[in-house]
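Two complexes come next, and they have one chain in common, subunit A, joined by subunit B in the first and subunit C in the second.
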Partner chain A sequence: MILTYALIFTTGCFALALLMNLWRVVSAPGVPDRILALDTMVINFIAILVLYGIIEGTAVYFEASILIAMVGFISTVAYARFMLRGNIIE
Partner chain B sequence: MSLILIAALPFLGALLPGLMIRSGRTACAWATASVTLTALIGLLVHAPAVMRGEVIQYQLEWMPLLGLNANFFLDGLGLLFAGLILGIGLLIIIYARFYLSRQDPMGQFYTYLLLFQGAMVGIVLSDNVLMLLIFWELTSLSSFLLIGYWKHLPEGRQGARMALAVTGMGGLALIGGMLILGNIVGSYDLTVILQNKELIQASPLYLPALILILLGCFTKSAQFPFHFWLPHAMAAPTPVSAYLHSATMVKAGLFLMARLWPVLAGTPEWFYIVATTGLITMVLGAVIALFKDDLKALLAFSTVSHLGLITMLLGFGTPFAAVVAVFHIINHATFKAALFMSAGIVDHETHTRDIKRLGGLRHLMPVTFTIVMVAGLSMAGIPLFNGFLSKEMMLDAATEAAWNGNHWLVPALATLGALFSVAYSFRLIVHTFLGPKRDDYPAKPHDPGFGMWAPPALLAVLVVLIGIMPALMVGPLVATASGAVIGGDLPYYSLKIWHGVNAALFMSIAAVVGGLVLLAMHRPLDAAWIRARRPEAKAIFDALMRAVTGAANALTDGLHNGAMTRYAAVFTLAVIAAGSAAWFGGTNPAPAREALAIGPVPLIGWILLMVATVCMVAYHRNRLLSLVLMGIVGLIVSVAFAYMSAPDLALTQISVEVVTIILLLLALNFLPKHSPVESSNARRFRDGTIAVLGGLAVGGLSLAMLLSDFSQESISAFHLANSKPGGGGTNVVNVILVDFRGFDTFGEIIVLGIAALVIFAMTESVLGSPVGAWLKQRPINPLEAGDRHPLMMVVATRVMMPIALMVGVFIFLRGHNEPGGGFIAGLIVAIALVMQYMASGFDWATARQRYPYHMIIALGVFAAAFTGIGSWFADRPFLTSNYGYFQIPPMGEFELATAMAFDVGVFLCVVGAVMLGLESLSRFAHRAGDRPSPYPMDIDPSRDLPQEAKDA
Partner chain C sequence: MSTDMALWQEIVLAVFLVTAGIFGLVGSFGLIKLPDPMTRLHAPTKATTLGVGGVLIASMLYFFFAKGHLSFHELMITLFLFLTAPITAHFLAKANLHTNVARDEVPPPTGDRPWAGFESDEARRIAEEQASKGA
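After this line comes the complex of A and B, so read on.
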């Protein structure tokens, strides 16, 4: 019982966080902030996928979240390298 | 000799002249002649059987389900035409050897001639309509080459183009007509079609089919109003004119009319279209021929006239007229080929073909004179020559014909045509050879060598022999060929000189007398003709072509002006229009399903997607920012796949997103950071409207699809049911990829590999070009950060590497039964490797890469191919999969499927292709003077420690 409420609450929090990320994407002053907003969005989605898996009682979403966790940051790193050096593979 | 060989011999032999010309012109001519002679002998071997009434057949099944079979058959009509084509072809080959000058490329000429010959023989021997059409088009193409043989002459090129345009257009109509005919009967075999007269004539499509087929025949056989191309084709060398316009090309149309005569003829439509066209062509051609001063132009219009005569006879639709048509085909081929060759001789020796500059050649060129005299008198229809016989019979047939109840119109016009025919034939003989000898010939005329006059002389002998003893010479041939045309019992006719006093005789006498009178009055008539205003066919044709080309250009340039936006706009609007027409024009099933309620979290995802898209439109000029926004869209698409129960797609999408971003960033390094504003506001508004329309249409259609059931039963149920028992895996997506649709996947990984190799090749060529040199010298951006290989990143990626590889292996192994598989695993491993490139540098990573990526791609393709071939050893088709259960003691029971070996191929190919592509693109960034760093990390605390500390 308490778990259900906890799940709903957490999901709500992460969903709210997504909207805040979105707000940042729309309003941030430059590209770097937006990249960070995207990265945060990725992390929030990992959480939401895991939570959804718990709610549904299935492990199907686990692989997707593990993969996002593993490779999702690489895009962020690539954006960052691009802004710092221009060339991402030197 | 089998029929397919007879048809194929000229094509095969077409290779010879080009080779043999190196051994000299005579050897080349002999080689060509031997090819034709072999085919002719092969044909004559069948002659006795065909004369007995047998039909020789040869069948080769190629695609029976499509009705495409290489079937040949030889009956009387085919024998007659094939004999003419090969026999006269042989004479032309000998004649051309002496006609062509040293400057003319003879090898080319004979190659074209043999190609044309093969196409013609193909037409007359084909049993399959589709094959006949192909040969038909081939004659148009090869005659184009022949007519335009003298490429340096503008008339030759224009004449060739005109002939191709007219006959090609007719060919197009013919294709339509023949397909309709085949559709009515339900078979594309001529022998079957010929037996279904009632079916075809009762069909409502009879008239359209008839008109289309006749368009093809009339254009090919130069019938009014398409007759104008033939005189212009006279710019060709004379052997070509003699061959194309006496025995072959222009007779193809007649052949087809005769071939389809049993099923198409006999209706009023046939009579009025064919006979009227033939009659007009006959009279018109004869009248124009009289006023032509160019020998070949005169003969060209005379050919038009005689083709009209034969067409008219076929158009009468009576068996007797058909017999006469067949007989006249033989006669016309003999005397007209002889005349063309003689005209060529005159041209060759006097260097002019202008009748007004000739005359009095009788004593200078006695041999040529004799030949022209014989053939010309035959063309005029004078007794003792073969032209007389068929002309008498033609007039006889004409007296039987009633045009719209009018009994004298056809005979009168036929007599008029014959009258002009007499006039121009005598003009040819009298104005060229008789009269006083002149001293202003452009060259000193004399008879040519034996090789040049022998072919027309042989034909002239035939003219006389047939003229004197018709029944003996060609009686059986005419009977067999006519029997094949009529497809039933032969009517009563007799091939002899004297038919007694009848109407035809009086008409004939009137024609001869009238013709002589006309000739006597030629000078004033000619002056009147020159003063008269006549429509010039070439001017009309050119204007028409200009208009059509202009319209076509305007249309294509309007739709395809080279701008991507225009293509996209035209395409999108066309699709929307077609889709709307289908949607609003057809009946739509009511929605069969309820829309699902949307939860709060998916709603937020949707909002994210929409806002990111809107932002993309707003910020798209900042390219890096639009890439970031694309990242958001990609992320939400991936999560949506996971949420909507498509975990395989989700896994793929996540990995593809990362690779795409890296790829685009690599490219973006060399592109401007901002896209400039290039279009006006009005244009952007227009494009925006189209985009919104397209989006709404696709969105609406998707919604409609999702809410309704499929009209056909979906294939999904089959896949779900057979995945485990058939493919040995519970993950249907993976089983489809590696088993059900394994062959598709096999093709796709090959394409993927090729794409990667192309990227590599393009990189190589760009880097080797001046652009590459410029790239190497480009200045360093002073704003760049100094840290090339940051410590944190290097350490993090190295820690990640084994984990990522392990995940890759895990995803690969579980692929057959759970979400995963070779494709996703390949992407994950590629990402793990790219991480190293990004963190530790290109040189560091390359030094540790033992196998080149090309080899990995090749290994992947081979692994997949060998898996597929493996099933051949078990007598199964390519890529049949098998699976079994195995037990190795410490582990539990597990399953091995051959599909897994295939999946290894997919895996390797994906790794190799992704890495090769990214590696190639990253090489663009190399600057001259870049030295590989000796250290993998720019800052390494361990390097700064004193040596003693390290030792300790």
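After this line comes the complex of A and C, so read on.
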């Protein structure tokens, strides 16, 4: 019973955090802030995916969250690198 | 979701989950609230990473309590995120230095070489000096 409420609360927190990040992506003052907001969205989405795994009681979503973590990291580095050098692989 | 857990197990999981949720929310709120780009780097890369770490540890404990076997997948994701968050923050700080800060505003580096974020500016300045000397 406690666990159910805690899961609802945490999912709500991360969903609100995702909405804030989305708003930040739309209305950020500069490009680095947008990249940071996208990176935070990826991290929050991993949390929501793991929470969904707990709610469903399966371990299927871990592979998906590992993949999303890796792709998110690579894409953030690529964006930052592109901003820094105008090129991703020199 | 199975509910055949002892009360203390549910309380441990709930503490982890609620702490993680608050940390995640604070991280994303800080991204909106903090005043300038360099301070805004701190909130998501530290608070949100801790929040996700809490959720992943709660997930690990849940599958240990419910199914009886301890899995280390979650620990792997946690480790990966804890390793990559500082790298991301470093790259974004350099990108931010490159776009928003002039080369003369930062304190001088200790070695012979310029700051890495301004290396291309410094190289261009040297090249222009040499070109004007040659002309």
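Assume the second predicted complex is superposed on the first by the 90 of 90 C-alpha atoms of A that agree within 3 Å, B and C clash if a C-alpha of one lies under 4 Å from a C-alpha of the other, contacts with A are read in each partner's own complex, and residues count from 1 in each chain.
By our rule, a contact is a pair of C-beta atoms (placed from the backbone, for glycine too) under 8 Å apart; a residue touches a chain by one contact, two chains touch by 3 or more.
Values in this document were obtained by computation on a predicted structure and should not be read as measured data.
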Answer with first, second, both or neither: which of subunit B and subunit C does A:Arg81 touch in the superposed model? both
As a test of reading the superposition: which chain, subunit B or subunit C, is in touch with more residues of subunit A? C
After superposition on the shared chain, which partner residues are touched by A:Leu67: those of subunit B (first), subunit C (second), both, or neither? first
Quick check for you: in the superposed arrangement, does A:Asn44 touch first (subunit B), second (subunit C), both or neither? second
Contact-wise, after the overlay, does A:Ile35 reach subunit B, subunit C, both or neither (first, second, both, neither)? both
Where on subunit A do the contacts with subunit B and the contacts with subunit C coincide? 11-12, 18, 31, 35, 66, 70, 77, 81, 83-85
Considering only the defined contacts, which subunit C positions touch subunit A in the complex? 1-3, 5, 7, 10-11, 13-14, 17-18, 20-22, 24-25, 27-29, 31-32, 37, 40-41, 44, 48-49, 51-52, 55-56, 58-59, 62-63, 66, 71, 73-74, 76-77, 80-81, 84-85, 87-88, 91-92, 94-96, 98-100, 117, 120
List of subunit B residues in touch with subunit A within their complex: 600-601, 604-605, 607-608, 611-612, 615, 622, 624-625, 627-629, 631-632, 635, 638-639, 642-643, 645, 647, 650-651, 654-655, 657-658, 661-662, 665-666, 668-669, 781, 784-785, 787-789, 793, 800, 803-804, 807, 811, 819-820, 828, 831, 834-835, 837-838, 841-842, 918, 922, 925
The residues of subunit A that touch subunit B in their complex are 11-12, 15, 18-19, 22, 25-26, 31, 34-35, 38, 41-42, 45, 48-49, 52, 60-61, 63-64, 66-68, 70-72, 74-75, 77-79, 81-90
Inside the complex, what are the residues of subunit A that reach subunit C? 1-7, 9-14, 16-18, 20-21, 23-24, 29-33, 35-37, 39-40, 43-44, 46-47, 50-51, 53-57, 59, 62, 65-66, 69-70, 73, 76-77, 80-81, 83-85
